[in-house]
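Note that chain A is present in both complexes that follow, paired respectively with chain B and with chain C.
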Partner chain A sequence: MKSAENDKAKNLLDGLVRSILPVILALLVAGLIMLAMGSNPIDFFSGVWTYGVTGSNLQRSLVLSAPLILVAVGLIVAFRGQLWNLGYNGQYLLGAVVASGAGPYLFASMPAWLATIVIILGALLVGAVWSLVPAILKARYGTNEIITSLVMSFIGVGIANLLIKGPLKDPNTPQPQTEVIADSYLLPYIPGTVIHIGLIIAIVIAIVAQFIFSRTSFGLRLDIFGASPKAARHVGINSTWMVILLFAVSSALIALAGAIDVLGQYSYQRANWDPHYGDAVMPFVFLARLSPLAAIPLVVFYAILATGGTLAAQQAGLNADFLLVIVGLILIFMTITEYVGDRRKLGQSYLPPGLKTTVVRLFQGGTGRKSS
Partner chain B sequence: MSTLTDPEVISLREITKAFPGVVANDRISLDIVSGQVHCLLGENGAGKSTLISILAGLQQPDSGSISINGVEAAITSPRASVDYGIGVVHQHSTLVPAFTVLENLMLGESGVMQEKKRAKERLDELSELLGAELDPQALASDLGLGQQQQVEIAKAIWKGSRLLILDEPTSMLTPQAIEHLSESVERVKAQGLAVVFITHKLREAYSMGDCVTVLRSGRNVGHISVEELASFDEHEAQESILRAMFGEDINSVGDDAAELAGATEAVRETRSIDLSSRPVRLELDAVSSRGLGRDVDVDGISVKVHEGEILGIAGIDGHGQGALAEVVAGQRPASAGSLRFDGEDVTKLGVRGRQHLGVRYVTDDRLHEGTVGSMSVALNLVIKRIGERPFWRFGQIQRKVVDAEALRLIGEYGIRTPSPATRAGTLSGGNIQKILLARELTDGARLVVVNKPTYGLDLKTVHLVREILIEFAANGGSVILLSSDLDELVELSHRIEIMSGGKIVGSVVNDKPGTAEKVGHFMTGAIEGAQ
Partner chain C sequence: MSDLLSAAFVTVFIASVIAQAMPLVLASVGETIGEQAGVLNLGIEGVMLIGAYSGFIVTLTTGNFWLGMLAGAVGGIVANLAMLVLNVWLGLNQIVIGLAITLVGEGITSVLYLQNNAKSVTSLGTAPELSVPFLSDIPVIGPAIFEQSAIFWIALVLVVIAGLFLAKTNWGLSTRSAGQKPSSLDAAGGSVIQIRSIAVILGGAFVGLGGAYLAAITTSTFTPFITNGLGFIAIVITMLSRGRILVVVITSFVYGFAVAIGPALQVLGYNVPADVIRMIPFIVVILTLIIFARSSVVPPALGTPYSRGAR
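Moving on, here comes the complex of A and B:
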């Protein structure tokens, strides 16, 4: 029994190392790149700390975390079933446009709490319906959902922009943007802070998702479906329904992120605005091993990096796009860590066989010893 | 061509190859002599395939050497292997279905231009050598399996081979096609080539081989030289091969050893039953299916299975057996026709509904369909009862109940696993098959569809699986046995239906000798058409 516990502790440690090591390596290399570009990495990282954590800045970071967590959970739902929903940008903006477009009218005609609920349900519904095309194509004809969801995403972004420039445009401003929702109608703050309750909604959803995945029979069915659709069919899981459900929930949660972001923070939506949350969150979802709870700290980390990084980058003389370079580096190091970790677990060498022979021979030549 | 008076010798010395957790070849030494058929005999997992892939240049041995006529030969790649004149016919077809015979044969050509004329001449030469008529313009996909194999042999010796390796060439063939094959092998041998013939059937080794080497657990455990084999009578040869094959296990398998090793003609082992007195358990009435994939669907199939009956379905792989199994299990909907189970119409029921009635399915894809390798043995044992009491309550898994059930089944079926929590994917193929059987046959099973239940298993497990099926039927269960192994069908089935192209093309009652030939006749007739 003791060895089993040891194993568990070892696995946990292993998982932790695999989740955090890529981030550290990525930050180190990002620092080197900054040096090469003539900027001071210390300035940048201290700037991230100053503008992302100190004072009330942590609250700003946490506000950003709310939609990021929802997008992350949305992605996890689909990814767990090995469905690669890459349509997050369109889904997010459509959800946002439900809030920014319908909000001004609904808040004017009904109590704020009711309007908020209607908007949230509307965003969920729009997200779910929007996912039907890739989901049905996948379930019925096995069409590659990466392509269909991505293409649907472009259409979604386009529709959101058309609406904002057209029927939803606020006639009182020259810019193409929606009417601003009054502060009093926005989501309330968590008492004692300036963080809107969207963060709590996001965390509750993450906890519920975690419970469903790890404790219920549905979670197990989902794991079987993700591990092998053939096994799922064999066991009697209706795979058509599963694909449609997972896609709908995934897309609905991402649309919810958009609605909550508008209702909690932005209060209006400009045309051609797209925060690309999904792109940024993607590596962290994998680092969290598709676990919603494990994703929360990683997402908060990114939120701090993003909140502080925007100002810090300017201060260090870098473009704010440098953040995406860091995200990309995390992805690369994650892949490398995975590869090395898997090899180690299988008792194999870190190096591919060919390279190993070459390297080993080099050293053997030096000492003149022969291997047996 | 080398002359017969001066035979070439390909010597393998102390060949060792280890994979993580298993030594596939453990200091194997043997000599392959030109003009002889060298049979390699051994059960699944004995190390035959590894040895072949070393000779074919696909794998490198960890240690040991190969020499040809005393000169060391470094077979470092498949190309090097071909250059040494070693040709391999793999167990499964490597022909490109959309290419013609000639195009398939020219795949290995390295010249810049296609030299069709020369290729045709070479094909004529080889056709004559093999005693087979090969139409150069026929598409590979249009050929029967026997013909495909002749093309594969032609491909293997295309560049004037020294050694021809046949990896389990008879496993997919009808008795008639096996005859053709052995004639071709004789002719190739007469040309002075060395032939390595791999099989797990003893009688083939005896009838085709000039000498026999038996492998077990990666070791060379017995060699019967040309002189010995010639001096032994059939019984003596059998005895000595069996001893080598089974080692100490021969006592536990007992009298069945000879049968398992395919030493004798298969005979039925199940008790005979009077079908007319038994109620019909499952009746398929003109059932057709339409799947989305490219595999063959069932087309207007009508069969009846009685209580206590084992119904064999023979046929060459990929002729709709998988679809039939899925239609019965409820995994694939029937697009026409109806299924009645114990008199009740179950056409519209899905997997779970039929599962509750007692319809079970042991799939042939044990690793990806039958089990989820990343999940524990315990979960895999209850995977078809997810969400059901007593294993789940209010949507929550009851781990203690699941573990208790798992331990019960592990004990009953002798599944060798370190613990119920072990990941199923880490177990051996035989134990995974036991998981499937334990899961499907428990909790009120009345009819089980088994698809290739012993494919790729070691002989002891093969024996066990067949015993389990026989016992299940003896206790009133019904079995639909889909298999491409004729011996297995003959041993177990009461009746055998022959399937081809998604249709039933014939039916044989298995009550007297000669069943295999009759079944083979239907198969040949259906596949090769007028030829």
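Moving on, here comes the complex of A and C:
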């Protein structure tokens, strides 16, 4: 009994090491790169703390976390089923354009709560429908979804831009942007803060997703499907519908992130604006081992890095694009840690066994260990 | 209208199609070499940017376009080393590493440019042109095609050589079998790791060259994110061409045509939004996939690191 508890504690510790070590290594190497470029990493990291956490800045970071958590859960849904949904940029922007485009008209014609619900449902629907092309191609013909979702993403970004420059453009401004939604119609704040309730929506969705994954029969079927679509067929899972359903839910959640971001924070949308949230969230989704709840603290960490880092980078004589380097480094160190971790049996892998055997080589022989 | 379709106009148009297509041809050939060997490099966007920036910087400081192109190729190889070590040697996830290379490439080139070069708008000028005797005297087409920089011809020769080698030589056969059935290559006494390493290095050189061509020849300058998704278009073209270099070249030129036609239509008085032009190649790709619904457009072992004895 005692040793079982020890094992559990050790597993948890090992898992933590595996999730956090890559981030620490990436930050260290990023610091060295900064030194090589003649910037002071201490300035940068203290700036991240100052502008990302202290005073009311933590609230700004948490506002950024809301869409990031939704994108993370969206990616997790697809990745758990071993589907590479890389079309997140288009899905996000289309969701955002539903809110920024339909918002001004809907809020003018119906009560705000009803308009908000219509917009959210609309964004979910647009996201789900938009994913049908890669999903059906994958389900019917086995066409590589990496390519199709990426291509659809570029088309989605283009459509969003065209809409904002064309029919949705606010005639009263010279810049191509949508009409500003009045503050009184935006999502309400959590009492006592300036964080909109989108954060709560995102966290609730993450909790629900976690529950479905770990406590329901659907979660079990999803794990079987992710581990081996062939085996899933043998136990009676309809893989065609599974692919379409997972893609639709994934894409809908990412589109919802866009709508919530506009309704909660931005209140309008500029043309050619693309925050690339999916790129940033990707490593943390894996570090959380595709667990929505575990992703939340990691995503909040990134939100702090991004919120504080934008100003801090300028102060350190860099620009905000340096954050891309940090995220890329985290991805690289994540795979290296995974490699070393497998060798040393350090905690659990962040990839479900299905993804591991098809995409990542198994070094230990034997079967991939089950992720939590 | 008819006077706008003058000889001079057509000449400029053809030259601009070539200028837009060449970076994509080089990048897609690089990606094809890697992909035929079984290495899907999603980092090509970052590799191109690193090639573009190193090509730009070297051309700017030395004034020599040839050195710039060389630097672009070297930059591409260096960027691809991450793929070589982490994926081919250690067998780690290709997709994750590819995305990492893209992010680092985007970030580092943007930061370096804004730190070192943003203060003044720098144009590299045009590379010295090479008039092919007699051929350049052909009306309309002559000045458009046969008064290019010699770099254009060398690039074209490299592409042809790569195509021939891939299709006709033992090396090409080994490379393709590393992507089709690595275990057979292993059983036949070839080394999958070695073949894939060569493919990744060679691919990096081509992709970097494509980036440098984009910066030094096509645009004569560098701006952050200059590739603007070109790397992903190269991946798509590679997948659709299934290893046939001639198809790579043709589809790349169709893309070049689609990009060049926007400004041309504007000159002719039609106003087509740039966003529509940019979407056309992607829409064409999706329609092709929907209509033909190809079930296997990639080598079977693509994305799968090879480990001996594993099933």
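Keep this in mind: the second predicted complex is superposed on the first by the 344 of 372 C-alpha atoms of A that agree within 3 Å, B and C clash if a C-alpha of one lies under 4 Å from a C-alpha of the other, contacts with A are read in each partner's own complex, and residues count from 1 in each chain.
The definition used in the following text is that contacts are C-beta pairs under 8 Å (C-beta built on N, C-alpha and C of every residue); 3 or more make two chains touch, one makes a residue touch a chain.
The model shown is predicted, which means the values in this text are computed figures rather than measured ones.
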item: Room on chain A for both chain B and chain C (clash or fit); value: fit
item: Touched partner set for A:Thr178, first chain B, second chain C, both or neither; value: neither
item: Which of chain B and chain C A:Gln91 touches, first, second, both or neither; value: neither
item: Partner chain in contact with A:Gly142 - chain B first, chain C second, else both or neither; value: both
item: Chain B versus chain C as contact partner of A:Asn57, first or second or both or neither; value: neither
item: Partner chain(s) touched by A:Ser65 [first = chain B, second = chain C, both, neither]; value: neither
item: Touching partner for A:Gly236 - first (chain B), second (chain C), both, neither; value: first
item: Which of chain B and chain C A:Arg215 touches, first, second, both or neither; value: first
item: Touched partner set for A:Ser228, first chain B, second chain C, both or neither; value: first
item: First (chain B), second (chain C), both or neither touched by A:Met37; value: second
item: More chain A residues in contact [chain B versus chain C]; value: C
item: Smallest separation of CA atoms, chain C relative to chain B, angstrom; value: 6
item: Residues on chain A lying within both footprints (that of chain B and that of chain C); value: 141-142
item: Residue ranges of chain A in contact with chain C within the complex; value: 33, 37, 84, 133, 137, 140-144, 146-148, 150-152, 154-155, 158-159, 161-162, 165-166, 279, 282-283, 286, 317-319, 321-329, 331-332, 334-336, 338-339, 351, 358-363
item: Of all residues in chain A, those that touch chain B in their complex; value: 141-142, 215-218, 220-221, 223-224, 227-228, 230-231, 233-236, 238, 346-348
item: Complex contact set, residues of chain B against chain A; value: 20, 292, 329-331, 350-352, 355, 361, 363, 365, 368-375, 379, 383-384, 386-387, 392, 395-397
item: Residues on chain C engaged by chain A in the complex (per definition of touch); value: 40, 42, 46, 82, 86, 90-97, 99-108, 110-112, 114-115, 224, 229, 232, 235-236, 239, 273, 275-276, 278-279, 282-283, 285-286, 289-290, 293-298, 303-307, 310
